[in-house]
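I'd like to ask some things about the structure below.
All chains are identified by letter, namely A, B and C, in their written order; residue positions are counted from 1 within each chain.
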Amino acid sequence: MSKKTKTTNVILEVVLWVLSILIIYPILMVVFTSFKTKGEASYLNISLPKVWMFENYKTVWEQGSVLRSLVNSCVITISAVLIVILLTSMLSYVVVRRNTKPCRFIYRFMTFGIIAPFAALPTIELLKRLGLYGGRLGLICVYSALYIPFSTMLFTSFIKGIPRELDEAAVMDGAKGGKLFALVIFPLLKPVLATTSVLNFMWIWNELQIPMYLLNSSDKWTLPLSVYNFYGQYSRSWNLVCADMVLISIPVILVYIFAQKYIIAGMTAGAVKG
Amino acid sequence: MKKRGKKIAALLISTALAAGMLSACSGGSGDAKKESKKTDGKSDGGVTLTLYGNADDAAKPYMKKIFQLYEEKTGNKIDVQGLDASNFESVCLTKFQTGDIPDILMHFGGYSLDAYNPAENFVDFTDAKWVDDIADTSKAQTMRDGVVYGLPFWESSVSGCFYNKKIFEEQGLKVPTTQAEFDEVCQKLLDAGIQPIYMAAADSWPLLYQFGMDPIFKDGDLLEKINSNQTTYSDIPEMTSLLEWYKTSAEKGYFGKDYSTDTWDYSSEVLGTGEAAMIFCWDTWFDTDYDSESYDYTSDDFGLMPIFMGTAEEGTYEGGNNSLLLVNKNGDKVDTATEFVNFCADPENYNEAFDGIATTPTFKGMTTNKLSSQYQGAEESIAKVGNPSIANPEIIGFSQNDGGKCIQELLVGNIDVKECLKLMDDERIKVATSQNVEGFK
Amino acid sequence: MDTKKIYPRYMMIIPVIVFVIFFVLPSTIGYAYAFTDWNSYVHDVSFVGLKNIIEVFSDRTVPIALVNTLIFAGAKTIIVTVLGFVFALILNRQLKTRNAIRTVYFIPAIFSALVVGLIFSALFQTRNGTINLLVQMFGAGKIQWLGSRWTAVFAISIAEIWRNLGYAIVITLAGLQSVSPEYIEAAKIDGASGWALFKNITLPLIMPTVNVNILFSLIYGLKMFDLVYVMTGGGPGHDTETFGTLMMNEMATGRYAQSVAINLVFTVILVIVAVAYQKFSERWENAE
């Protein structure tokens, strides 16, 4: 690195940290509020709690049945994310490589999936007919379908950048079809794989409405729904709402930190060395 | 390269498998649990009843208490699915339409219950033993078309204008008995630098304009006319004075400077610090939701007086709205669910659940409740000028939220009183028409 | 070479089947309700033709919602894409605390609209909100941010941008990883540097990703409702209504068919926007 680049980098780094106040400030508001008493929390602001109410987290943990919902959320989200990335990476790869008229149509068709809304009533009717209504499996199927379009578009845009010569070389070595995909292409997709997983994870994790429609007993409820225990119509306990929010967000942050390694991995590993 | 690829592929496939198994197992273990419960036979049965309700409503202390009592005494379980207020109706109605009807539904009485098609879906309780035990003030709300569908296992609140007694004393103010006196009180408070009324106009529903409408529609004739499209809000002069009251009060500063962005969330704070002296509210709110611990003024510092909104010269109070327990009559657990409702209606049980709860009795045999201090202080006046809740549950197409939005537009200055009434009529007629109500088709 | 064998059909068909069964099918059937009198009080649904659609076009709040929706989507798309791109480029450099900064910038994205709405309602609150305290520090009077149309639109846009910047950065970063260092090295050997390098090598290679970014921002921006719902409920009056909140309102009063009708009209608009954008971006990509 030249000296000039180094100086630029330092300056940019400082600028980014200064700007990050705009992000950290509101987040700290939530974190501090989660440790306040109800009265102190009535205005969300940055002031430190007078007394640190660690009990808030205990209250939330117990009243919100957090443990049970956490397990539900993990099972549902992880399964759906794995299905989505497996299906869409294959789909995008074939669509990009074949690049025929029907393939381009499929790609366009996906746009519809981003635009159209989730229609609760017909979905419930469908799941009932398939015997999947009310359980986690039905929810997983619906989530998988719901997030296919987004992931396909992301994968497609990325795969376009992978040189075709790679496939050709692999075919010479005798790989094709699933083998070619699993052994040659899939490993190259790491950055986009990590990105797509994180984004899908987050969206599915945070979904508030669909579980209410598709699950039929509160044992199966997901974690974000627990916020409604504290977010009432006539009185809101901001301290508990914030504590719940923090708890809900922690798993997603962990997933992001874990995935971050792979998001940049592509560059350092030299993606196209094959 | 190849090795690494294999590793990753293997890793991914195995995680996918594991997750698949995990989800399959957990689905399975749920069933297994249910079965084991059955075979365990803690008591004979151990049935789980599903209950849908608004999350807030289902979490009321007396509801929690009665669920707990029932579970302890019978060994059955109530699976309470509390849905948040903004999604409750749509989730619930969608599920009803697909035939996924819970064993028990918690829902308010009145016209809105018709959306659930009570005649076809709910058990007829007209001949139940407990019907005679229901307090007279609550009875009408349990019925549609002369049939009793639900048990009013709920608090009976009184809505009115709550005022800070200490501030009134300091300012030498008397509780007003007429509209003119009320306006005078507001003006004096304003002159003393105290915001007269906290009006959370940004949330739309706290405008609570139905309070002013009850006295107009207590005469059943007018109600019938508006519900058959023979008259409109615009034709009723009192409706004009109601809206003019909002407009002039806002302009004079009776709602403070920031009413257009004030939300209900801050009502405890603004009242508790004495920033504002009055609020339109209901007495049980002061008991269960008002935050007495954190502020200078506690809930006992507030008294209750009539609401003056330009429609009733001597003011008005609004009686309670009761949430009902309704039983799905086509469910396979209809007998157990009916037993649960009867359990709730047992004086011994409801008295235990409502022990110490501030409410007027919903049942004649209710003795353990306490009357809120506000209610006690205003009992005589309530008897004199109080009205049951009429506008909200009985006017077809009435929407607290939509109407509130029209008033927001009036206060912002987008429209005048006449246009506002027209808009409120349009919204109401729009809803009634799409419901194919006679006279609107 | 035989592409059919190399790229087998089943890899395409299984995902499409899942997508069609669990999403396309129910959603399409859902639209059919736009032509019925379905609502919470009608128990036998019957067809009413185009009545509901016509009603949508005569609704006085629809034009307001249209303008608001376009503003929200437009402001968000432009700002988020540009900022996301710039930040991603910076974060792709070898900064010492790169990972920490990336995490911080990503955190807003993981909050649900409920939390973000709550945070920004508090920040823009009139009585004690941070923004008003700042405004007062500079000697100006209190502003009722959420109390009138344009200030409310501004506040909501800020919240939406705050929440979405993280996505844009992450997606663009992923795109930047597909720019292989070999290309850059090769170009450097050819004497390209700085702006030329960026313009001729990096930009064309990540254009597909940026396009995806724009498309998402645009569509999700047009579909936006939850943040509005939490922050203003579409108010004051109907001043900050979007298509999404209009649908919610109709739903809440039990007018389901009307809600679906609004949705259908809206979908048509979205499809036109999306297809137009894709046509445009394809030409753009191919031209490079």
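As a working rule, a contact is a pair of C-beta atoms (placed from the backbone, for glycine too) under 8 Å apart; a residue touches a chain by one contact, two chains touch by 3 or more.
Predicted, not measured: the structure shown is a model, and the values here were computed from it.
Taking the mean Cα position of each chain as its centre, B sits at the greatest distance from subunit C. Counted by C-beta pairs in contact, the busier of B-C and A-C is A-C. Centre-to-centre, using mean CA coordinates, subunit B is 35 Å away from subunit C. Chain centres here are Cα averages; for subunit A and subunit C they lie 16 Å apart. Residue positions of subunit C touching 2 or more other chains, listed in rising order: 125, 127. Touching of two or more other chains is recorded for residues 43, 83, 121, 125, 231 of subunit A. The set of subunit B residues touching two or more other chains comprises 90, 266. Within the complex formed with subunit C, the subunit B residues making contact are 86, 89-90, 93, 114-115, 117, 120, 201-204, 257-258, 260-263, 266, 270, 399, 401-402, 405-406, 408-409, 411-412, 414, 430-431, 434-436. Note for the complex: subunit A touches subunit B at residues 37-40, 42-43, 71-72, 75-76, 78-79, 82-83, 86, 120-121, 124-125, 128, 133-137, 140, 182-184, 186-187, 190, 209, 212-213, 216-221, 228-229, 231-236, 238, 273-274. Residues 37, 39-43, 121, 125-127, 142, 144-148, 229, 232-239, 249, 251-255, 257-258 of subunit C touch subunit B in their complex.
Every residue of subunit B that touches subunit A in the complex is listed here, in rising order: 1-2, 4-6, 8-9, 12, 15-16, 19-20, 22-24, 26-27, 30, 48, 50, 54-56, 59, 79-85, 87, 90-91, 94-95, 97-98, 100, 264-266, 268-269, 285, 288-289, 291, 293-295.
Interface of subunit C with subunit A (complex): residues 1, 3, 5-9, 11-12, 14-16, 18-19, 21-31, 33, 87, 90-97, 99, 101-112, 114-115, 118-120, 122-123, 125, 127-128, 130, 162, 167, 170-171, 173-182, 205, 208-209, 211-212, 215-216, 219-220, 223, 263, 267, 270-271, 274-275, 278.
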